[in-house]
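Here's a structure for you.
Letters A, B, C and D name the chains as they come in the text, with residue numbers starting at 1 for each one.
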Amino acid sequence: MIRVQSADFDVGLELKKLTEGNRQIGAVTSFVGLVRDITGEDTISAMILEHYPGMTEKQLVDIEYEANQRWDLNSSLIIHRYGRLGPGDNIVLVACASSHRESAFDACHFLIDWLKTKAPFWKLEETSDGDRWVEANTKDDIATARWRK
Amino acid sequence: MIRVQSADFDVGLELKKLTEGNRQIGAVTSFVGLVRDITGEDTISAMILEHYPGMTEKQLVDIEYEANQRWDLNSSLIIHRYGRLGPGDNIVLVACASSHRESAFDACHFLIDWLKTKAPFWKLEETSDGDRWVEANTKDDIATARWRK
Amino acid sequence: MNLLYFAWIRIKMGVSGEHIDPPKNIKDIESLIDWIKQRNTISNEAFSDISNIRFAVNQEYVDIDHPVQPGDEIAFFPPVTGG
Amino acid sequence: MNLLYFAWIRIKMGVSGEHIDPPKNIKDIESLIDWIKQRNTISNEAFSDISNIRFAVNQEYVDIDHPVQPGDEIAFFPPVTGG
């Protein structure tokens, strides 16, 4: 399941729903991305997450589908927020449930790596030194590339 | 932090405590292990987790220390339950918080791989075909071996 | 043809999108960009460094030689920074 | 010397542990096991397949040639299945 929303999410509740009623699940791996208060040398007071409504959902559906094709998952979840967030706020949750831990780990890692390079979001940081668009990180491209078959 | 307990744990609450007040954390990766109701061909009605009090805590402290030496983590948590558990029950929680996702992922994966081969726990499954001790899995030894430096 | 702009391209263009009716000889993203740029200084400036711009046609990532046609939703944005 | 047994070794031995005072010639895990086995049929049976038994001395994993001495806590158990 994928969700794109401005509202916060409750990680514990979401993970509980992911496994509820399915007792074949032996492993749940999750990733939560949070807004940090410092990047590089500047203090961040807020981050504005802009996205491309429609394309975002489409890309997330595609990425989740691919993960479920590649790994034997019982369930998976991607929640990505947009809008104005403060330090410590949740940005993204990725969770994968499987019978075995390797599938759960690999699928979760795959999903967040792909989100970083494929989900159409852009981050504007409000810093002590003015507003600044976060630049794409070549390390993210490299991380994504290793999942290519 | 490590905890060995018979009581259940609240994943959402534990993850919240792990990041509370630290706004340098950008990534939290977690693993939850659950009791499955089927392994192989038999239905499992319960699992009894026996452990070696004293040695368990010692091994978990050592493993967590090593993870913190190898990766730049802001905080980490291992909770392992013992006693009688039913299908769907939580067994273990491993969580790692870091500024960046690669450290959080690798440390979490390392910890659960090591737990599988180093934490002195033994599982007795109560199945439709009688009680059965779970045998160690050579796949777990292989998974652990790849973390050797 | 609906054009959409995101992030700093949106800021530079001063609008989040526009409906256009380009001349018939525009067949792909590259010729579309050339046409957008020659309209005015703002557009020319916003699209001055194409290496920092990514393209989507009908919500799928495409390369600069991807064909475009009337009715398409065409988006221009910087490399994404989600997750 | 305190011996501890876990999982099916505990079941086979019928006790979770025992305090013993072995003869002086017992220097390592291997000679300790030989001594345990020769005491009675139950012990002999429980330790019949050493390849399925792991050892810890004072709560650290050790190999079969690890020295043992009075006062040690020595544990015998199957390969672990935690996590």
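In this section, contacts are C-beta pairs under 8 Å (C-beta built on N, C-alpha and C of every residue); 3 or more make two chains touch, one makes a residue touch a chain.
Values in this document were obtained by computation on a predicted structure and should not be read as measured data.
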Minimum number of chain-to-chain contact steps, chain B to chain C: 2
Whole-Å gap separating chain A and chain B, where each centre is the average of the chain's CA atoms: 23
Chain centre separation (chain A, chain C; CA means) in Å: 27
Between chain A and chain D, centroid-to-centroid distance (C-alpha), Å: 49
Centre-to-centre distance between chain D and chain C (centres being mean Cα positions), rounded to whole Å: 73
Overlap residues in chain B, where contacts from two or more other chains coincide: 33, 112
Residues of chain D engaged with two or more neighbouring chains: none
In contact (per the touch rule at the top): chain pairs: A-B, A-C, B-D
Complex contacts: residues of chain B adjacent to chain D: 33, 50-52, 54-55, 58-59, 80, 91-92, 112, 115-124, 133-137, 140
Chain A partner contacts - residues on chain C that touch it in the complex: 4, 6-8, 10, 56, 59-61, 75, 77-83
Residues of chain B touching chain A in the complex: 10-13, 15-16, 19, 23-38, 87-88, 99, 101-102, 104-105, 108-109, 112, 143
